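First chain A sits with chain B, and in the next complex the same chain sits with chain C.
On to the complex of A and B.
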């Protein structure tokens, strides 16, 4: 089954096409920022270079974030439209899962950390399991300092990956040798991992419907937060 | 088109998908039949899917030959924004992501068409809220890419002009158009398809914005425009003589900021004096002032460009006072005024598809790397 993977939830956007036999084409850009300009030409490039057409696709996988709101929306909207037009099954995966999957051979506990801006990070903890990874915590958004306290309270050694761990490296390295910060090559979720990770779910027919798939925001809009604060103050 | 196979959810089934990469045949098989219609073949049977997500309405429509609406599905987010008393861009963008896929499915279903019947896909490119525009543009471009048909990025304001052409067979350019909504107040001299001159605008608030602000001040439900219109019918438009401020005496620009302030000051004065505030009278008097200002400026522009036809369009074109006032003024001058039915005054995708059809006939399509422009200009 040929899967089209779309990952646009961080400043690095990528698309990939692959099957159970491996990725046949991929395209990535880290300085484009405008996913609306990148995405369809990139998909076209991957299809043309591998002598395929949209009708050869068997499924669409998309990263749901957490990440940058606009990027997530463009990716999810594009994936939904392609799946809807071709009546293809689709699956949505979390960006943090993709980041953790990259370092799945580590014996340590894995913590995927992505920059959430406004001095916060998105994160989740994983342990490697046969053939993949197993998530142990909820997806969270927190101050990096809070995350550092959480890591310090754990008995085991932790490997941090993702651009959030690089951005706040100093804070995490202060924790000493229990905490290792991963390399730049694993800083961002990518569409190749997405294709690979989506296959087991596709084979299990554990599909998401394009009719109700939505990004993983983990945050309310700024206006909603403000509004709820006002309401609590009023009722207090 | 009647015997389109459907899946259990009632969605039209499309072409079967290909086997896995392991199948060598995949690599030699032609991908899709390219639907590259010469422009002269854009006749009465061409089908265009339009998508509109510039503000707080999620809409998709199928229009045949640029004139016949086969479907026009609109989901309004009014309820979502009501508690904030105005549109919250992030809330709007999130709602579009969730609503658009079912809205497109429903538009095709009602049109009794499949994706593969479409000859082009269009979406609003701007002006509007960037986060909202992104969703519609991304989906429209993706559908067009898969089908290998042209994508057309449409100017939202130009699309409003086509809401008149779409619903009135006799309507045609040249015309003087009043595009009036929560975001815009424009007097446009529309000479022909794609050739527009803006002759007047607002120097501060859009007309719909003034309606919403006054409504909020009066404690009315959001959206305030329709609420003021409803109360106006119960009140006396002569009760309070609000100023008819003309931004410039000679030009065609309007100003609504002063009028809004006058309403607020008047109500505060009544309250300080301990007098009763008759909301119906204030609503009626305010609405009458807006109508008088807008009709005066529009008719002055009609005279200036010697227009023989007036198009009224945009969300505020649903206002009964404005429809009546501008209609009477045009009748008195012996020229025709057209205004679309309510569901085509508010933001909708049928007008986007109609506008796109006219653009394709002029050879205008949009590249798949196009990005939306929140500040896109009409002229």
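On to the complex of A and C.
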């Protein structure tokens, strides 16, 4: 089954087309184009260069973040539009899972950390399991210092991957040898891992409904804007 | 530290635009400006002045109904109006945190409504109509700099604006336009102004 994978939740956007036999085409960009300028031409490029057409696709996999809002919005909307138009099944995966999956051969506990801007990071902890990874914690958004405390309080050694771990590496390296920070090649989730990781779910027919699929927004604020107070003060 | 507000009077929307244009030479990507003032107070006119002076050629209009406008000038400019939003979540859902990227200049109409979400260093501009209802086009612009660099930028704007306004009003002798006041800053913001280098 040919899967189209779309991953736009970080500043590094990518698309890939592949099956259980491997990825046949992929495209990636880290700067310059807007997500919406990049995405459809990149899909067309992957299809054309591999001599495929939209009709050859069997499923759509999309990264739901957590990540940057504008990217997730474009990626998820595009994936839904393609899946609905072509009547294809779709699955949504978490960006942090993709980052951790890249280093699944490590015996250490894996912590995937992505930059959430505003001096916060998205993160989750994983351990490798036969054929993949197993997530042990919820997806969270925290200050890097809070995460460092969380790592220090764990008994085991931790491998940190993702651009958030590089951005705040000084903070994590202060923890000493219990904490290893991964390299740039694992800094971002990518669509190739997304395609690979989506296949088991697609074979199980564990699909997501395009009507229910939403990006993972970890930041919430129930706070209302105090328009009454503002208007009263202004008229005073 | 106490920071003083700078008060400027303008007598037409065009003059408000001139003041906006006078601020533009000191603006850099990453700068955030919050504009407050009733409908028709001149928030959009001020933004027009800034944007046109930064080389934006397309029409700069009020984003009250469209919420966000993006312009390409010397730098990318994001022009946002939160007037129709009701909760902080809606602001987050717009991708507000990415608007604060250091790549764009961000101007927020009704920014006072989301003051806790604004970066510590920003420029607050309060536009008020004259108390005298007969002075229909008269506006009072109050600049409240939050952070040292904004104090400096507002001073530079003042010098430019005085020159431009005097040239525009040549011969009419409208008198001094700018007054520095010791007006205290709004309640919640006082402790944010220390400007100790933490962002």
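What we mean here is this: the second predicted complex is superposed on the first by the 219 of 236 C-alpha atoms of A that agree within 3 Å, B and C clash if a C-alpha of one lies under 4 Å from a C-alpha of the other, contacts with A are read in each partner's own complex, and residues count from 1 in each chain.
The criterion applied here is as follows: contacts are C-beta pairs under 8 Å (C-beta built on N, C-alpha and C of every residue); 3 or more make two chains touch, one makes a residue touch a chain.
Just so it is clear, the structure is predicted and the values come from calculations on it, not from any experiment.
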Dominant toucher of chain A (residue count), chain B or chain C: B
First (chain B), second (chain C), both or neither touched by A:149: neither
Chain B versus chain C as contact partner of A:217, first or second or both or neither: both
First (chain B), second (chain C), both or neither touched by A:107: neither
Partner chain(s) touched by A:118 [first = chain B, second = chain C, both, neither]: second
Contacts of A:136 with chain B and chain C, given as first, second, both or neither: neither
First (chain B), second (chain C), both or neither touched by A:68: second
Partner chain(s) touched by A:51 [first = chain B, second = chain C, both, neither]: first
Contact residues common to both interfaces of chain A (with chain B and with chain C): 69-70, 73, 217, 221-224, 227
Chain C-touching residues of chain A, taken from the complex the two chains share: 68-70, 73, 117-119, 217, 219-227, 230, 234
Of all residues in chain B, those that touch chain A in their complex: 7, 9, 11, 13-15, 17-22, 26-27, 29-32, 83-84, 88-91, 93-94, 97-98, 100-102, 104-105, 115, 130-131, 134-135, 137-143, 145-147, 368-372
For the chain A and chain B complex, residues of the former touching the latter: 1-2, 19-21, 24, 34, 36-41, 43-44, 47, 51-58, 69-70, 73-74, 76-78, 80-82, 84-88, 210-212, 214-215, 217, 221-224, 227
Of all residues in chain C, those that touch chain A in their complex: 36, 38, 82, 85-89, 92-95, 97-98, 100-101, 110, 112-114, 116, 199
